[in-house]
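Submitted below is the structure of interest, expressed as structure tokens.
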Amino acid sequence: MNFEFPFQELPAVMRGPRVERRRVLLGGSAFWGTMQDDGQLRLDDGRLLDAEAQTYLPPVSPSKIIAVHISYSSRSMETRNKPKPTETPTYFTKPPTSLNGHKGQILKPADCKYLNYEGEYAVVIGRTCRNVTPDEAWDCIEGFCPALDMGLQDFRDTDQGSMLRVKGADTLLPIGPGIVRGVNLFAQTLRTTVDGLTVQEAHIGEETIWGPHYVIADIARHITLVPGDVILMGTPCHSRSVDPGHVVACEITGIGRVEGTVVAIDAPRAAALGVGHMPTDTPEVRRVALGFDERVPEQFKANLRAAKGLQA
Amino acid sequence: MNFEFPFQELPAVMRGPRVERRRVLLGGSAFWGTMQDDGQLRLDDGRLLDAEAQTYLPPVSPSKIIAVHISYSSRSMETRNKPKPTETPTYFTKPPTSLNGHKGQILKPADCKYLNYEGEYAVVIGRTCRNVTPDEAWDCIEGFCPALDMGLQDFRDTDQGSMLRVKGADTLLPIGPGIVRGVNLFAQTLRTTVDGLTVQEAHIGEETIWGPHYVIADIARHITLVPGDVILMGTPCHSRSVDPGHVVACEITGIGRVEGTVVAIDAPRAAALGVGHMPTDTPEVRRVALGFDERVPEQFKANLRAAKGLQA
Amino acid sequence: MNFEFPFQELPAVMRGPRVERRRVLLGGSAFWGTMQDDGQLRLDDGRLLDAEAQTYLPPVSPSKIIAVHISYSSRSMETRNKPKPTETPTYFTKPPTSLNGHKGQILKPADCKYLNYEGEYAVVIGRTCRNVTPDEAWDCIEGFCPALDMGLQDFRDTDQGSMLRVKGADTLLPIGPGIVRGVNLFAQTLRTTVDGLTVQEAHIGEETIWGPHYVIADIARHITLVPGDVILMGTPCHSRSVDPGHVVACEITGIGRVEGTVVAIDAPRAAALGVGHMPTDTPEVRRVALGFDERVPEQFKANLRAAKGLQA
Amino acid sequence: MNFEFPFQELPAVMRGPRVERRRVLLGGSAFWGTMQDDGQLRLDDGRLLDAEAQTYLPPVSPSKIIAVHISYSSRSMETRNKPKPTETPTYFTKPPTSLNGHKGQILKPADCKYLNYEGEYAVVIGRTCRNVTPDEAWDCIEGFCPALDMGLQDFRDTDQGSMLRVKGADTLLPIGPGIVRGVNLFAQTLRTTVDGLTVQEAHIGEETIWGPHYVIADIARHITLVPGDVILMGTPCHSRSVDPGHVVACEITGIGRVEGTVVAIDAPRAAALGVGHMPTDTPEVRRVALGFDERVPEQFKANLRAAKGLQA
């Protein structure tokens, strides 16, 4: 058994040809289609569409969404966790109501200050999976998607680590626009941008601590994964907060690009009644929301300042 | 037990106040909201939207969609069926993939000529329902929606009456934009329009042969209805065919208005290979697609001719 | 393109090795497992079970179930339809609430007389499928299941051919116990038994008029098939009625065997109120329920008489 | 607004008459029924069954399952958390694959030592719910179920507090057998038993820190709850570990009783390969798994020792 990189032989889901399947809303109906070499989207019913002009739905309908806390060495270094092999991955979940599509609105309630981006790739499960080895796990993967694991860090100091409110609020998971097969994931580079400026970047093969096969085998020791389930594979260093109006995107070479726009909404009515843990601005919240600048490349920090209209 | 109209007392689902729930796609996420008195849509998260400017999803996610063949006296007369009480209702089904939202695209394949409209109201099931009486059936209704039960009549003479291909093709069920409670259905008037001209019209209370309570009790004799299931309640006289570019709408006073636009698509690839029953133009097809003009009000016929740009 | 039998090369879903996946209820949880060569069921969590002693759930959760009216030459002959190639297949649907598992109870209401068996194989869709050719359709098939398409023929003369009440009542689709890949479907023989006596039999390759690839390509001309959808492929000659206490089974060599027991239930309450079309015993009902004995092998008729305790 | 107990007026979901809906598997089909006064289960199709002899399915199909960490004063005291009003509730999630029915098998892998029980009541959401006040939240509740929030505490020191592996493994949520309306939840007493001996007990009204209306309003500030979603309302003091063969039950007066049997399974195959965090027996694990005996009534401790065959 081998779950180290690089591979002797690529698993089938990473071998070509590349296939990207997207789901769009046209009028009031959802349609699946396949991306063409010229960048157009061919719907299964035969129509050829300008892919840029479409309304995208999430290409997944998961019964569960599991996220890796930390799976990139740069993020591990930034947050003072140790790199492999002395640790094992840890997980949290996002509810299906957090799903959002490409070009989605990412909601920031008026009483929250810290809405952080985290560019990631998602793994989509293609078949029922339980009690598998890492080698076997590859066959359970349908494909990969770009994703943004957004978080309301104002709630960082509640929920005792489950991050339900940090990561689980409505709209906090833009994903898509497509599910992609036939691409060597470990040869790709992931970038997160804010208003077009790069704020996170990682070569997936070089930075990944645990691959999706390892993560699937780990989770499936005790939990059955079913077709459509989604695993979010963690983010590289420099997760930071953004504000209404910012366009956040995660772009992965060979896979695609998903973006969302931060939109302000009113504080919830129950908040005015004092119900529940209020958004806070404690040192723990700021530690995570604002990060550890000394361990992050200068360019990312400069780009984020520029996106925020701040002076260097 | 009483399943006759008028009612001594309105069932709860028809008693006020009126509540209309709609589901929209904003960015890439679906949101539920409630219509306000001023015509705006208040999303549950607090945002107030211009209801006219939204992208609507079907407000239902049914596990099954059952349709009444004929439930209006004018349609019964037109098609030579006898009015009550000598007959009982009959049914067919549409698959969930036929669902379409308000302002949807209604697809007409290039090899089909007869895409007929049928304006209807839909009943949405709110709770599990089996083996009930008509009186009990009212409590199983979540609400009502406008709907268009479109049909590719070119396939009328295949499928031995199940109408799978006539009524079951993708996009042939525009429904919504909302689910409405608190309105006396039997005091309402249903109109179907083509490019704004009325081509069907019926006062629901006066024309209905069997109410939804009767139909639910009938079906639920042998089939369990589950929350979200949809029943289409039939159409009045003058179902006729429309062409690409036509905007078809079903408007029901007190309930709402759903519209769709007919869009041309290519003939399916398998058709070129001779697979399956080909669209036909037989007398039986024409009988249903073109209808019985002698039993339809002159104005409806004139309006349809006008919508089609035909001379009187 | 070729959609004739025999094949030059078997499609992947029919090439070995054979894999059979089953879903059982243990305590109150559903578990998937794989059949072993020794006839035991290996759950994914590692447990090895006596396959005979299990409680089976349907191995499918379809969004739609489409059934071919007639796809066997013996059935076509029996019912006076013409064999290919002068006709094309026709379809009806069954709602998801008709699903039943292996060893299920098949309900026969007290006011019905004619509950007919139809042994069939089912095709399970494995990927989204629209606008495909017959050649491409093979890749959309996840596997095959034995199935019993039971029908309450007392309602044959209502619903204008859709057979919603005939075929759509709760429990009328025992299916499973497994989904099977890696078996040459066209080399198999299907048998239906009543109390162990063979009452239907067909060599699938010799009797099939249209293969599943043709049927999928036909339906997917206008209707999107989605993963999990089920297509019932028709029955050979000698569909007849059975009574409470009878054990009906469909056994397909290489695929498996599903059985159900006919159980009497009370007539629905609404029937006593005169709601809906009553079960009838008209010539049309009897024509289908009792069949055309002159075109059926003597042995099948003799076996059914024996199962019913009737003298020859 | 009032979210304190006792109530001036009971919300509708707690006002009589009591209605309990259960879902059973008969043969291979699921059926809903209503409990009768004499303890029999009346299926919707009319059959009257011995409720004790049935195979129960979970009465819920949630898209998400959210659990309150601590909502009872005795549990809060035991674990050194402070009672209200100085704190707010915190949450974690369980995936749908953790669902189990009444009389289910609760799986304990061979490499785990600490499978802890937590008797709870569950709240089932009946309508879409977002941005509500506690007063409004009552209308979103469909009913209540007994539940066992089982946990593999061997994984307590991984997942950084999300408890995905502690609480999320397959089978760790026996729930049911029914959903109950029309009972004053706050007048009831919850008891957890092991082999019939009481090991947890709490009067819900006296011990509850936050009611379900508060919890719903809190969660729905940012997360849309949809029909069928389940909220687990926390457990009283004395959550402890049990072993294969133990029958664990949660009984709530007026609501019902759910039980499960602990069953041993092999360690997962990936564990032998060193994949993932291994079950551990650290002080933190033992702190939670074994609890704080000084703050727990003597009788509960004595009963658990007796169930385990240990001497006093």
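Per-chain numbering from 1; labels A, B, C and D assigned in written order.
In this section, a residue touches a chain if its C-beta (ideal position, glycine included) is under 8 Å from a C-beta of that chain, and two chains touch if they have at least 3 such contacts.
Please read all numbers here as calculations on a predicted model, not as lab measurements.
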Joint neighbours of chain D and chain C, given as chain labels: A, B
A-B or A-C - the one linked by more C-beta pairs in contact: A-B
For chain A placed onto chain D, the superposition rotation in degrees, Cα atoms, nearest 5: 180
Between chain D and chain A, distance of the C-alpha-averaged centres to the nearest whole Å: 31
Separation of mean Cα positions, chain C and chain A [Å, integer]: 43
Inter-centroid spacing, chain B versus chain A (mean Cα positions, whole Å): 40
Overlap residues in chain D, where contacts from two or more other chains coincide: 45-46, 130-131, 170, 224, 268-269
Chain D - residues contacting chain C, complex: 25-29, 31, 45-47, 55-58, 99-107, 170-171, 174, 176, 260-261, 263, 265-266, 268-269
Sites on chain C touched by chain B in the complex: 1, 3, 63-64, 66, 69, 88-93, 95-98, 109, 130-134, 152, 158-165, 168-170, 214, 217-224, 226, 268-271, 273, 275-277
Chain A - residues contacting chain C, complex: 21, 32, 44-46, 128-131, 224, 227
